[in-house]
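Handing you a structure now.
Think of it as A, B and C in the order they're written, each chain with its own count starting at 1.
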């Protein structure tokens, strides 16, 4: 693996190699990457993802150089992404890049002298999130085959549900996509699943959709996606998971969320054994440690 | 000690343990915290405090992850402080948090998996500044009992004077609070001192107030505290310490200031043996090294 | 050497000592500066220079504390540069400072307890860029004496051409300064060269000027330098280097640029053996590693 740019590039074997490596890095601190430098280039804010990468690098004894504000970077002076990639790859041993434009991670990879990890590229993908989601499922359920995976919320613009769907398509899973019509799962993902012979259903009915889930993957619905703010207000109240719903409809589900969570999971769920969204954060560091060692 | 949130939480013994530990860290460089990560979360700007914590961590061989701009953080996406604490405590081994709201450090501590240090919470407290102020007095005078401690400037909104007053109240000291009427020491601090049986005087007369001080703790008066800008202009010129005043009124005082200093200490004081405000910066690193090792 | 503030301060011997040291740091990773802290204070944005310094420090096993946004620093509270230097030098073992005002690095050095490196001070100098430019010429050509060095673009406001000219003036070189009349080389540099007996020509004719160059040092022409935007538009198209021009006019030249590059070197030059502007970035890290070890 030279770069990690999207979920589809990884074979089942590669996914499992990464997850196995991640297992060995839970609570690990070492000098594996001593002398190496990670460049964390965040062209749009993402505190959690940036801190996760930086923590991963530090726990392996490596160093970090970061760019967090576009305003303060050469981009303000009109430098192209190509040139920035050429320059930064003279400093770093590996680059993690978050950028608002889909495809930007590929431009970076094409011009970099060192491996590039896509840390989220606009409406594109977020493959390290997908890997940490996979790791969470493996750690908390222990298998992928036979699972009913329900994804709720914004499946159209969110990078996380589609990146995870591509990755889970390597296994014998069954999807339910629960969203308002405006935010239905991207057509290219559904085509991909069809080709792979993976079953999926789509519904707008939140209660019906989450029933008997093994994995319940919730995402945030953002007001700015709706032309009509009243429509948002109505939906907002429908797509909220609470303790009662979990107990009634999917008592055995693990509940995941890429965070930040706003209203879509009520706080009474936090104390339930089912809630795994903070565990995901912990697992994410181990997964990124695995990737950093595999790529450098 | 699980967290350091305010001055009152520390017993005299705990204060002395920290100061003793700080003594051993003056000019120290080591690997005591190798593999550990400090999260420096600065929800409002404070270059000096942030760099002091980061330096302390680095001198102990540890690593740092930082958030310096709220605009670029998840908070922009509406995440609650609770959730941010839950998330960041999955990355870090200890958290230093600066936040504009009093009480926010407590919210952080309640939701964190790791120790939290209050690095200043709005109109609340700044206990690490108080500890470095204590350390400065110990290093430069050698005792607390019997001292006349004069505090000048903004005693109402400043976090530093009250945090230090609470801590010094463990000793047999005597306070003089010198400030314009708008900026008098907080009532709760005065009640606390009364309960502890610590003597204090209040005055608006700068020259009278600073007379015979052993410790002269100056703070900045901010224009934005005054409705009437003329009133500020008048006061500004009264509450200025200069060399001549020190020589005449308190020739044996050590002069302290939490910095940044603007006009309130004139530059001719800088060269005097009495001036300790840059020494405080140096001592601050040792104190924070002590805290980081005691808490992790 | 206590500080590095400008090009003229360095003797030929000192320059050569730095370049020799840089040679030993190409691709080096070590613990030479373990326990030491670099403060990177960037009062104006300069991603490339900041990341280069930070990378250099990390490759030597040292740590970094950074200030990248003036808005978030004590400066916002009115602290003087003097006081900031006094404070930061209590944290760091060496300071690299970028500031919009010429002379600010000197103010820093006068008030710092530790060595200060000028990382660019407004219309002043950028001596570490000059050293990395020298190192590039040495690595790629192998000598300075006898070279025809052509500088193009903005020679009046750019810090890089003048900082390099001062340094090359230690050798038997010949300059051609190619620029529009508004952007001619600073008079003080030309006086300096006259005193040193270094030959230079000035021309507005781009094609004539670059003929037979051994070193072709291109810089960006910024629109904001022109009162009349049409004048800028005309010039912009004239001062563009492309593959055809290199092949015809200076086939043996090494082509350098301090970056970021916008339109002034067309992308078909990138693939040519002559192009060294990304090599410069690589060499810059080694040069800064040399400086950091020599100064701390």
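Note that a residue touches a chain if its C-beta (ideal position, glycine included) is under 8 Å from a C-beta of that chain, and two chains touch if they have at least 3 such contacts.
Note that the structure is predicted; figures quoted are calculated from it, not measured.
List every chain that touches both chain A and chain B.
Neighbours common to chain A and chain B are C.
What is the size of the turn, to the nearest 5°, that moves the C-alpha atoms of chain A onto the matching ones in chain C?
In degrees, rounded to 5: 120.
List the centre-to-centre spacing of chain B and chain C in whole Å, with centres computed as mean CA coordinates.
Chain centres of chain B and chain C, defined by C-alpha means, are spaced 40 Å apart.
Among all residues of chain B, which ones touch two or more of the remaining chains?
69
Taking the complex as given, what residues does chain B use to touch chain A?
Where chain B meets chain A, its residues are 34-37, 39, 63, 65, 67, 69, 71-74, 76-79, 83, 86-88, 90-92.
What residues of chain A sit close enough to touch chain B in their complex?
Touch residues, chain A against chain B: 29-30, 42, 45-48, 51-52, 54-55, 58-59, 61, 68-69, 220, 259-262, 278, 281-282, 285.
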